[in-house]
Structure formats: structure tokens, C-alpha cells
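Reviewing the structure listed below.
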Amino acid sequence: MPDLIETAPHIAGAAPDAVFFPRSDGSRVPYAVFSSQEIYDLEQERIFRGPTWSFLGLEAEIPEPGDFKSTYIGDTPVVMTRAADGELAAWVNRCAHRGAVVCRRKYGNATAHTCVYHQWAYDPKGNLTSVPFRRGQKDKPGMPPDFDLASNGLRQLRVESYRGLVFATFSDSVGPVAEYLGAEMGPYVDRIFHKPVVYLGCTRQFAKSNWKLYFENVKDPYHASLLHLFHTTFNIFRAGMEANVIPDATHGLHSIILAAKNNEQTSDAYKEQKIRSFDENFSLKDPSILEIRQEYAELTTNHIQSIFPQLVIQQIHNTLVARQVLPKGPDSFELVFHFFGYADDDEEMRAMRIKQANLVGPAGYISMEDTEATELVQRGTIRDAALSSVIDMGLSAADRRDTLITETLIRKFWIGYQTLMRL
Amino acid sequence: MDKLLMLRLELAALQDRYISVLDNDRLEEWPTLFVEDCLYEIIPKENYDRGLPAPVIHCDNRRMMEDRVLSLRNANIFAEHTYRHMVSGLELLDVTDGAAGMTSNYLVISTNNEGTSTIYQAGRYIDRVVLTPDGWRYKSKRVVYDTLRVATLLATPI
Amino acid sequence: MPDLIETAPHIAGAAPDAVFFPRSDGSRVPYAVFSSQEIYDLEQERIFRGPTWSFLGLEAEIPEPGDFKSTYIGDTPVVMTRAADGELAAWVNRCAHRGAVVCRRKYGNATAHTCVYHQWAYDPKGNLTSVPFRRGQKDKPGMPPDFDLASNGLRQLRVESYRGLVFATFSDSVGPVAEYLGAEMGPYVDRIFHKPVVYLGCTRQFAKSNWKLYFENVKDPYHASLLHLFHTTFNIFRAGMEANVIPDATHGLHSIILAAKNNEQTSDAYKEQKIRSFDENFSLKDPSILEIRQEYAELTTNHIQSIFPQLVIQQIHNTLVARQVLPKGPDSFELVFHFFGYADDDEEMRAMRIKQANLVGPAGYISMEDTEATELVQRGTIRDAALSSVIDMGLSAADRRDTLITETLIRKFWIGYQTLMRL
Amino acid sequence: MDKLLMLRLELAALQDRYISVLDNDRLEEWPTLFVEDCLYEIIPKENYDRGLPAPVIHCDNRRMMEDRVLSLRNANIFAEHTYRHMVSGLELLDVTDGAAGMTSNYLVISTNNEGTSTIYQAGRYIDRVVLTPDGWRYKSKRVVYDTLRVATLLATPI
Amino acid sequence: MDKLLMLRLELAALQDRYISVLDNDRLEEWPTLFVEDCLYEIIPKENYDRGLPAPVIHCDNRRMMEDRVLSLRNANIFAEHTYRHMVSGLELLDVTDGAAGMTSNYLVISTNNEGTSTIYQAGRYIDRVVLTPDGWRYKSKRVVYDTLRVATLLATPI
Amino acid sequence: MPDLIETAPHIAGAAPDAVFFPRSDGSRVPYAVFSSQEIYDLEQERIFRGPTWSFLGLEAEIPEPGDFKSTYIGDTPVVMTRAADGELAAWVNRCAHRGAVVCRRKYGNATAHTCVYHQWAYDPKGNLTSVPFRRGQKDKPGMPPDFDLASNGLRQLRVESYRGLVFATFSDSVGPVAEYLGAEMGPYVDRIFHKPVVYLGCTRQFAKSNWKLYFENVKDPYHASLLHLFHTTFNIFRAGMEANVIPDATHGLHSIILAAKNNEQTSDAYKEQKIRSFDENFSLKDPSILEIRQEYAELTTNHIQSIFPQLVIQQIHNTLVARQVLPKGPDSFELVFHFFGYADDDEEMRAMRIKQANLVGPAGYISMEDTEATELVQRGTIRDAALSSVIDMGLSAADRRDTLITETLIRKFWIGYQTLMRL
């Protein structure tokens, strides 16, 4: 089984004793999972090289034959390519000869990928096509006679595109992406990717916190109106909005949060809570940033959908983003915002998507606080690996899907995580 | 004497004032260095080089810049920090009466409230300036940053 | 027992085998104690969360109700506050909900401390006072009915002020501060803190060496005239001064070094030693920096008193400092110099204290070398964890208190350290 | 032509010479850039902002600066290192005949004798200069540093 | 007005153009800032201080500089990167008609293609410039670097 | 045995289980050896403090009595000196008192080395000569009466100069350098060091990769014309050159690669291989950089000789370098290029050596790619410690010495490494 072959022995099977979940309902998470190197290494094996599909990028990033993009699955360097026949492929970016990174550029177009060290050359699908002096030179020998190009290619991965989203896996056993997404998530992915998209570029954030804290964050509607004060300061969003909060039924690792406008009474609701964030005095000099043009059946202002372990699909007003989450050690991760629009956008709509980019990303009016929050948790918990968080909001009605005041998705996430990690 | 050299000196003074405003907590003064109908954009070099539009900040008029300041002062949550900008390598690109294009390198060192200073961002300013009754002002300022991985978040403008 | 609850399991009880003290008299210290991560983690548990009192700051830093200051015990973030009723309090800076750092500022005044993530609010004593949407919203549930604010506060610590010095502890068992200081140390603390002080600000040094090397340094009168050449170059201080070198009798972890002027013969003493540092040629153009105005019964030029594990009280001429030692990993620590004066200082005296600040701190004429020295030891010993230092000066008359040419305080320190660490 | 721009140029030259003196081992020249009755102070931003006086270095006349040089050359022990100062963002604050106030950003990169360069300190100069027969000299220079955690020690002036 | 100040301004413009050429991928323009018979050298401070000649790059004429550009563009293999130079502390050393010596500090921040920026090199330029029909050009430029440990390799000139 | 005494116990004997060599012929190397901290620590003990001679520098760097230079053996700080009597010495740079680094300068001249902390003074051979206040002061005691200067010196190492190359070892058992070099290597060292040399200065590279990847690199003639495209782009060097590739017969850890000009047919040879690097269009505007003046019996353009574990002797055209390889952790090393010439060089020859310095070092036309390549391997292999490289080139005729198209020296290296490391 490739998964095992690819795994470092000092990791395999090592179930860190540092980690104990005091409850089975996902409501108590030992802080060790956010800082332990052993846990992190185990995640690389059991999650990122396990029975999951990792998001690599958009097909729209590599439209032409030969196009490629360098990225990661977990922290393993991986390249996604479009072969001459138009097929998608992905392989581990490590030369079969002596292990050098083969593809040294972030993106580009190439009919062959040649390792600079000794120029072993691979095709876009990762097959080894030539080895300099393989047959030696004149009477001088080259590679052994039995050396077989076919069995010395790059480590090739299973790849699938789901409506233009490119996923790859190390696993031979996991089912197709549609099945992996499951019955609850599929329709919402389809909602956003119902027609061809164009890639508008990406922005990156590097957060000094564990990658799972970001998954907690995007599964946490409770924080939205409390941490992101832009909402309330400028009257954009309310906890009282019509909500739809849906976990994945298979393993609970995916989820979606939908919110639709509905302003009645909510400022009173806030006043009751005496919440600091409430303020009626401010207004924007240029409110155009908050306009919304209806593009879908329901007029949702927010669609936040996490597809474990590397993807978050987002629609906020008219800005569309596929967020990729890349772990970089127990205490940091990179977040890549892939902005896109639809191929048939008119100029005005395209301009609107760019303008609304101000709402999200590293300087996003309603997103910049998220990495700040995950870092606060990292710093607050690092010395206390044995203590646990308290994740009880909405616990008594765990199955209600019509409220944003809940941590139910986070609890489901941790239950799924324990299963996958065998903790 | 050489008019270009004098212009250079005036525009260097503008750049110096620009970073002094940002680094010494005079954010409200920041939009006043632009004309009303302006462009202020922060965009990663990887997008700029590929002709892709996705920005980190994109203001197509001065009011949007004022809104940004308002939000930073009253709404957004971010860690206390101090910027120090360095600018160097100023080149005038095209000069006409009362207008000019220029480019320069910048470096932003950020210090957190523990007192540790790190390289926050390096990049390039691509500016258009116009002469107004109040002196030189930015018609457009494109901030093209090399440091693609934004550390944690970007609050204070560059 | 809170101490244990707060401890990560992979640490608890783990007595690193890397460490062996070849002698029982504290004169041979294995270099492993300066670089081992295991030892460091164990110190956090057995020392900083053990039966000790850690110095947090001066009451004068938080005079008003609501005033607070963020600091550390060991490497655990802790906030010290003055409550509405004027009482002092301290708590671990980690939200009871999902672990975020609650207080994000270094100092300030606040009637409530609200975590930014979900706005759980705490009072200055660390009690949880409100949880947004605790009772849900309309028919939508919030926290479980049995959720109890009182049992979900911040981790509160025992706090005591001793004459304006604020100490805190995780321990329930350690006695009051006066008892912890002991009979030898108390009078010398009283000497400096015999009347109200005012806070003059702080300066910080970050040293790339183990925190205990700094404790060795402040317990080492032997180095004073040999490392700090300013003394001798400008004729300020002599090894021949009248000395008072006193260890704490309870566990040997505290100590004081007092020195009083007395110039006879000492330059001859130096010449005998052929010590590089001796030089009669230099003189200061502005000697005002070295004036001294008598403030205490004895005219001491130096009062260096270490109160384990986080405090060094210093009087040098007329400059007064409470130094806080904060470990930041096995190989680094932060040193915070809290400058203070007396409330009744006249202008001239206040100006003198500021001018004499040139003597100490990061650029101090007679202190800048200390962190340089501790870093030289760190670099010199890192690869040789199993080797030991040779701490024999004055060994044959270990109880003499009238000489600066001794390492007796260091030996006592290591004996106390072994006991506390159970090594 | 614009007198202010010329003054700017002269003071920029003073700042440049100041850092060149410190970075190229001409410490003895450092006090000569000040008038006899001067103030030179290095103080952390956290104290400066709170109005607290505790400094890292505080010289209230030029002789104290000369003593500092004497001590660095002959008494104090510190690791060999090389500074490189960068200054930017010069702003003139108030200008009268023969005197001016100014502020600027600075960054100090320090290289140890292994040859590794690190950010040693970032901060702000707040200066008063006066015109003397020898040219512009510092009447006072307050060095307000952001990098609160001083790495190891501070020997060479900033 | 002060001719020295004007000269300073002209040479600052030359330095600014020099780094802009290197930082904005205009390598082919780099040799054109030198006269044909020139010296361009990059040498570690430890050798410079000891009077030892071993260099990292040593070009004793402009053709060698052109060869270096040709090789970087067509032969050598190195990771994609972006430089940002900062120059500061310009001092004129000796000025004659049509020629001058000068020194200045430099800092090079390098960003890799992951988007991480690091201090690549700090050091000092020691230049001789001459006035040519095309304006000021370098007769010699010695790059004396403090950062003795060159990170990975040195491809793009400093 | 000093070697053992100098070894940290948590390392001794620990044979990391993470490492398994699937074949005995050195053709499969587990990537763990490039990233494991345990392996790295074990190397410090068994290689750098084991039965090997480490290169410290050239005698020409310390010609005068009292001259010294600070360097390393592995990552242990070591100082090489020339004593008053002209003899060479070397000692570990760690004070016998409390472990501070004694010598704080990179090079210089000193009749005594005095530790700054308490001024214990040592002579250039590392003997302790004085301890301040050793006999106390007046009636006050100093060091114990039985304190013996002779037994408290610095850790002194065996030192030998071989034709001006200074080597040192922690080992008492390893034979003299001439024997260590062995019959195959000696003559080639003699070839370069056949007459007095002068030191021309050094340049340094810091590579983020394991030090052994650099040894693979200098034992790998296969990469020369494939990675270093300057060769082929400007027609300097060809894989078809007359080659001499010789391993050390004792343990296989040393080796030499010699190449001599010979242009016939080789461009055709390249065309056959369809190698990217071949190009006939470019030519140098100033080819003087490629001139060569014959200095030795054979007109070799390249002499690359690795003397394990810290030295690579290089002659390329007329530039002469002794490269020192210094490990700085599992994932980085420093490479110091010591440039030299012969004492009897005429001006023109000296100028030529300086000009040809453009070929090597951090910006070397034909060397800059080497550290780039080793870093690509480090990044490509870090997550896959259990996988192995494929080192098969020329395997079927492992003993041929007349071809550059071979990895035989690398295989020999790994066999020797396993023996020495007991893996």
C-alpha cells in the first residue's frame, strides 16, 4: 500500500499518549492537538496521506495542456498538471533519482519536467521519460541493464476534478470525490460551481497557529458577529439572520454555513446581550462595497463551506473564493485565497467582485480577525497541552440547523477527527 | 538648476511624509495625501506579474480610504503593532507639467507589543502624482508586494 | 491539586536521565540543565508552577482600580490586576471557552476583560461574568442549562504584595511571601522597600541563554570586578570592598550581595593578580554619573538580591531596579528592568536616578557584560550536556560572608535547585 | 528655489553622516556632531508613549557621550559586531532661523562575527538641530526604539 | 546654491537608479551604469578588513559584467527570487571636477517564490564615479558585505 | 577515553531505529540520514569526535607564533593556534571553569587566551596558566588547596599539519594523518601542496541542507556537466573529458575526481543525449577567465578531492581552494572556501587566481548550483525519511576509474559511513 510505503517509520502507528479526549461528544478538546509534533506527523500520515481528498486548486488555473502549478498535500510538495491529452495529473515533487525537488516554479507551462540536478526528465503525468547517459557513453556503462523507466517515475496520485475543483489523494481506497463530499455537501458545491469559472488570482496569509484552529473557525457561526465587528459596526450582518448550519453526515468533517439577510428585531437582540460590538453611529462613505447582486436561487450573503482537509468554499456577497488550508508544522499554516468569477461575468460584476475582495483575505473587513483569533488560541494554550476547551454552545439541541448561535459543527468535526486519527 | 532634481526632491519629500504618516499613528492624514478621484491598491507581485486582478486592498476613490481608516479605528480587531517603512530607489518614470509617474522600493518592519521586530513586507510602490494647490498628491498608488505570505493579517495600510 | 491539573502529561514525573550531578555540594553542574527541553518543561511544572512565589511587578505599576499588566510566570502568560475594591489579583491569560489569550494589551485599565473571539467577559479578578447568547436567542438554545459561570472563570492564582512587590503562585501549599523570603532575606527587602515607591518605566533585554545562567551570574560576586572592567578602568569598585554575601537559609535559592566602599590597598591586590582589568589611566569627563547620595543606614554601592525564581532586587549607587527574569525556552530568557524611585524623591534625586540608569540595563556600564557572559556559556556548553562546570572558589570556607571572592551562593543555589526539581 | 527643500537636503546629509560615523567605526567623531550642551537619549517606545523617563542611555551633555566612547573602547566587553543603519521618512517639524526639529525612521541591521545579519532595532529619531559655524549640529537627539527587547545588549550607540 | 548638495542629489539619483535596475529585472542595463574600463567587485568584509583579495565576484572591465548577465540569463541555475535594495548613509569622500568618491550603506532583502522575505545581505558600497557625456557613471564599485555567510548562493549582483 | 567523556549520555550508543539501508552496496540511502536530529547527534560523536581527522585550516592562516583562528570540528567550537615555540595546537573553545567560550574572535594573535567571565587565562596550547584570586586575598580563601592548574586546562586535541593543511582529532586511536589519507589520496594532496602556499582569504556559503548532501555532490562527477550549464553553454567542460575517478581504499570516505581537456566528439555525445544544457551559440566577451596556465605534470582543469569529514581540496584551472564543510544541525551546513596561491606566484599568476575566483564560491559560475541542488534534495526528502535514493549510475562496472558518468564514489561513501556510524 503506497500510503504506508510513503510513511516514515518513526511515525507509523505511534499514537501519542499526550492526547486524551475527556468526552465522546467532541465538546472537550485537549490543547495538545494544537501543538504536539507527534500529532502533527501522525496527521500527515493518517489524514493528508489517508482516505481523504485534498484540494489542489482550480482547473481554471491550468487551462492549457502543459500548464502546471506547485502546491502541497499537507506539507508534502505536490504538482498538479494538465497533460498533453488534456487530462489532469498530480505527483509528489521529489525526483526518483536522489530526491531533489523537480518542479521549481509555482506555475507555468512545460511539456517536460526536468530535474536540474542530473536532468532526469518526466512527462506532465510524472512518468520518467529519459535519463542522461542511461546507456552510458561509448564503452562506458550507464544505468544497470535492468533499469526500468516505467518503475522509476514520480509518485503519482489519484486526481479528480469535481466541477472544476481539483482534488488529489494518496489513497487507493477512498471513494470518488462525489461520494467523499456526500449527499449534504454536494448540492452546495454545485450551487457555487454551477457554471464555468475564471481564476482572478490569489492572496496568502501565514498564520502562526495550528491548521485545525482554522477549521474550528470556519465551523463556528457563533464567532461571526462577535469577533468581526465590521458587521455590526456598519450594520451588515446579524446573528439573527436566517441561518442554515449543516454538518456532513458521513464523518462530520465537512460542513456548510449559510446566512441570508433578515434584519427584524436583531439590534434589540444584541442590546439584550450587551454586546460590545453593537454600535449604530457609524456608516460607510462608500457603501458600494456592500451591494449584492443576486446570483443564486436564495439571496445568501454568506456561504462558508469547509471540505476537509484542505478546502473552504466561500461566497460573501458577490466575492467568490476557494480557500486552501496548508499546514506548515504544528504551529503554523498557510491560507491561500483563490479568487474567481464566472466566465460570463459582465464588466460591472467583475469590478464588483474585485471591490468586494476588500471584505475577505488578509486585509478583509470581515475576515482579518480570524487568523488573529487562531493565533490567540495558539499562544493561550501552548503551555497547557493537557487542558481542554469547552465547546458547549447549542449542545442541548445539537441537531438544530437554523441558528448561528451554535458550536455543533465544531463538535462534529472533532468526533470525525478522532475516528480518522484513531485517537 | 536642474528642474528634474528639484522635482525628485519634492517627490522624495512626499514619499517621506507618506510613510511618516503611517508609522506615527496619523492614519486620518493618510487619505489627504491623495486626490478625491484616486486609486489605492495593495496587490501581491504574483498577481501583478500575471496580470491577475485579485487585490488585498482596492480603493477606487478617497472615500473608500476614509472608510478603511474608520473601520481600523472602530471596528477591526488586530494586535497592537508599530510599522517602520523604509523607502529607497526612487525613479521618475515619466514627467509632464504637473504630473509624474514614479517607482520606489519599500520595506516595512513591524514590531509587536512584546517588542520583537520582523520583516513584515518588502515590495515596490508604483505611483502617479499630480500637482495640486496643496502640493503634490497621489493620483494612484499601487503597492506591489513581494512578501506573498502576509504575516497573520494586514491592518495598517502600506 | 491545580498544579498537576495544569500540567501536560508528557511532562509529569519525567525525570530526564540526561542529568547527573557528580557531587552533592553543588560544585559540579551538568551542562544539560542549560539546554535540555525536558529539563525546561519540568522546571515549568516543578519550579514555576511549584511551591514558589514568582514576581509579577510593582504595585506602583497598577495604582488605580482596574489597572492591569500582562506578564508571565515562567512562560505561562499571566495578568496582574487591581480590582474595583482595590485588591490585587492575578490569573492565567487563557480564555475558559476555547483557550484564546484574553488580555491582549501589556498594560491598561479595564473594568472587564473581554475575550475578542466570542466576547466571554471576565472581571478583574478573573471571574466569568457574561457569555453572549448564554441563554440562546428566542427559542434557540444557548449554553447547557447547567452551565455555571462561577466554575468557568479564568485560572486564578494566589497573589500577595510584599511591601509593594507583587508575587503570585500556582501553589496551594507554599506559605506566605514573608515566610518564603525567610529570615535572612526579609530585612534586605525591607531595606529597599521601606517607603512608597514610584514606577519610572522599564527596559528589556533578550538573552540567548538559559535563565539559570543569569541566576548564577547574580549570585557570583567573583565575576564583578573581573568581567565588568568599567569598575576598575574608572576606579569605581574593588574586589577588596567590604562585602556581605548571604544565602537564604531555608533552601539556598535566594541570596544577597552587599558591597560598601573601602579603597585601601586594593589596587595593589589587583596588581598582585596581574589582572587585565586594572588600569589607572582613564578618568571620566563627567563623573557625576558616579556620585552617591546616602539613602540607607549603610553606605552600600551595590545591593544585589535574588529572590527565586523571577526577581532580582538591585540598588547600585542611587539607581533602584526590580529585575524580572522570564524564561523563554531552554536557550533564552527575557530580563525586564523595572526602574523605580521613592515617592518623596526631590527633583535632584530623581534626575540622579535617571542619570545612573546609564550604569545598568541593556547598555549599563557595569551590567551590559552579564548577558554577554551567559551567552558565551550557552554557546560553549551546548554540545557537551554531560560535562560539568567547576564551581570551587571559596569552597574551603563556604560559610564566610565577608568576601566577594567566592562561589558559595552558586553552590547553594544548585543544591536547592536539585531538591526542588527532584534530580 | 525652495529654501525648505534645501534645508531638507542639508539635514538629510547630516543624518547620513551621523549613521556613516556609527557604522564605519568612527565612534570618536560621533560626539562632534552634537553641541556641547546637548541631550542624547535612547529610550524604549513603551516608556516614551507613557511619559515614563527610564532610558537605556541618557547623556545630558557632550562629555558624557565622550565618556561612553572611552568606555566602549577601553572598558566594556561585548561581541564584535557591525551595524548598518538605514534612515528614511525624514519630516521637518518646525523650522526657525538656524534651528529645526525633525523626525525620521531608522532601522539598524547588526551582523555578528559569524556573519549572520539580523534586525537589531527599528525606531524613530526625534531631533533638534542648530546651525553652528561648523554647520548643522544636534542640540538633542532622542532615539525612541520600537524593538523593546534589546538583543543581548546595546553597546554601539544608535 | 551649494554645489556639493547638488552633486549629492545627482549621485543619490545614480544610486537609486542602480538599485532599481537590479531590483526590477533590468539586468542588461546594469553594466551600462559603468564605464568600459571599470572595476566591480563583491568582497566579504573579513577579507577587505584584513587586506586579503579573495572576492565573490571580481570584474575588471565592463565586458566581464556583460558576461555575468549573459550567464545568469542563460546558463546558471538558481531559485527564483526578488531583491529589494535599500541604500542610506551616503557620504561624499573626495570630490574633484568630474569625479568623486563616495560610500553608503546598503541592505538587500530577498524574497523567495514561497513569498518569504529575509535579510539577504547588509554592507557598504565604496564607489568612484566619473562624469561622462551620459551623466555620472561608476568607475569602480566595491561591494563590501557584512553578511559573511552567503545564504545558499549569490546570483543577482548587489 | 576522552571521546566518551565528551559525549552527552542521551546520545551515547543510541542507534536511531529510523534508519534502514535496504541494500549493502550503498546504492539505496534512506532519506532519514539527511533530516534526523538523532542521526546528527550520533554523527557528532561517532564521526567528528570519532576516529577521523578534521580539517581546521591552513598553516598559512596562522604563520606567526601566537596566531590563532576560531573554527569548528563538527559543531564543537575549536581554536587552532601556533604556540610561542612555533608548534601547532588546537583545543575546544570552552572554559574549564564554568564553560564560557574563551576565544571570542575569529582570528588574531595572542600570547594568552583569557576568558572574559572570570579571567582564567590559558596559553596558546590550552594550558591553564592563571586563576584570579586562586589563593584568595589576605586571609580570605581562594580555590581549594588541591586545585591543580595542570588538570584544569582546556580540552586539548591531537593536531597534525600535513603539508600545510592543519588537521585535528578528538581520537587517541586514529593513526597519523598520512596513514588516514591513505595510499590513493596522499599523492594527490601532495600534488597540490608540493610547495609553500599563501592564504588569499575566504568566502562562506550557508546552505539549508544536510552536510552529507554536499559530500555526495563532490563525489558525483555525473552532475558536473548536467547541473553546471556554464560548462556546456560556453564550451568549457565536457562529460567526455579524460577522467580519473578514484575512491579511497581504506574506508571509501575520501575520493578524488580529476578531469583533463579533450574535446573530440563530445558535442555529438551530448546531442545524442538530447541534453538541455547543450548550446553552441554563446561565447564570452572576456574569455580570459577561462585561460589555464599549466602548473602540474598533467594539465587537469579540475581536481576535486574530498577528505572526510571536513575537507575538499579543489584546483579548477588556476584557482586553488581548500573547502571546509561545517555541519550546523541536520538541515544546514556552512561551506568555507579558503583561497590560496603559491608563495612563488608571479603577479600575473596571482591576478589570474583572483579572476578565476569568479568560477567558484558562492557566486561561482560552475559551483553556485551545488548548494541549490543540495537544498532541493533537502526539501524534496524531508517528509519521507523512510524512502531511499536510487544511486545506480555505473553500478555494473563499479571499479572503472576512467569515466565521469558514475556514482561509484557516492556508493563507496555510504558504505564507509554505515561502518563508521554502526548503522
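A, B, C, D, E and F are the chain letters, set down in written order, and residue numbers restart from 1 in every chain.
Note that a contact is a pair of C-beta atoms (placed from the backbone, for glycine too) under 8 Å apart; a residue touches a chain by one contact, two chains touch by 3 or more.
Values in this document were obtained by computation on a predicted structure and should not be read as measured data.
J.: Within the chain touch network, how many edges lie on the shortest path between subunit C and subunit E?
T.: Minimum step count, subunit C to subunit E: 2.
J.: D-F or B-D: which has the larger count of contacting C-beta pairs?
T.: Here the pair linked by more C-beta pairs in contact is B-D.
J.: Using just the Cα atoms, superpose subunit C onto subunit F and tell me the rotation angle to the nearest 5°.
T.: 120
J.: Considering only mean CA positions as chain centres, point out the chain farthest from subunit A.
T.: D
J.: Using mean C-alpha positions as chain centres, tell me how far subunit B is from subunit C in Å, no decimals.
T.: One centre to the other, that is 43 Å.
J.: Subunit E to subunit F: how many Å between their CA centres?
T.: 31
J.: Using mean CA coordinates as chain centres, what's the gap between subunit B and subunit F in Å?
T.: Chain centroid spacing, subunit B to subunit F, equals 48 Å.
J.: Provide the list of subunit C residues touching at least two other chains, using ranges where the numbers run on.
T.: 104, 106, 116, 204, 227, 369, 372
J.: Of all residues in subunit D, which are in touch with two or more distinct other chains?
T.: In subunit D, residues 1, 9, 44, 46, 77, 79, 86, 88, 107, 115, 119, 148-149 touch at least two other chains, as defined above.
J.: Which two-chain combinations qualify as touching?
T.: Pairwise, the chains that meet the contact rule are A-B, A-C, A-E, A-F, B-C, B-D, B-E, C-D, C-F, D-E, D-F, E-F.
J.: What residues of subunit B sit close enough to touch subunit C in their complex?
T.: Within the complex, subunit B contacts subunit C at residues 77, 79-80, 113, 115.
J.: Mind listing the subunit E positions that touch subunit D in their complex?
T.: Checking each residue of subunit E against subunit D gives 1-2, 5, 8-9, 44-46, 86, 88-91, 103-107, 119, 121-124, 146-149.
J.: Which residues of subunit C touch subunit B once you look at their complex with the stated criterion?
T.: 104-106, 116, 204
J.: Which of the residues in subunit B end up touching subunit D in this complex?
T.: 1, 6, 9-10, 13, 16-17, 19-20, 23-24, 82, 84-88, 107, 109, 111, 114-119
J.: Can you list the residues on subunit F that touch subunit A in the complex?
T.: Per the touch definition, subunit F meets subunit A at residues 16-18, 20, 31-32, 216, 222-223, 226-227, 239-240, 269, 273-277, 369, 372-373, 376-377, 379-381, 383-387, 389-397, 400, 402-403, 405.
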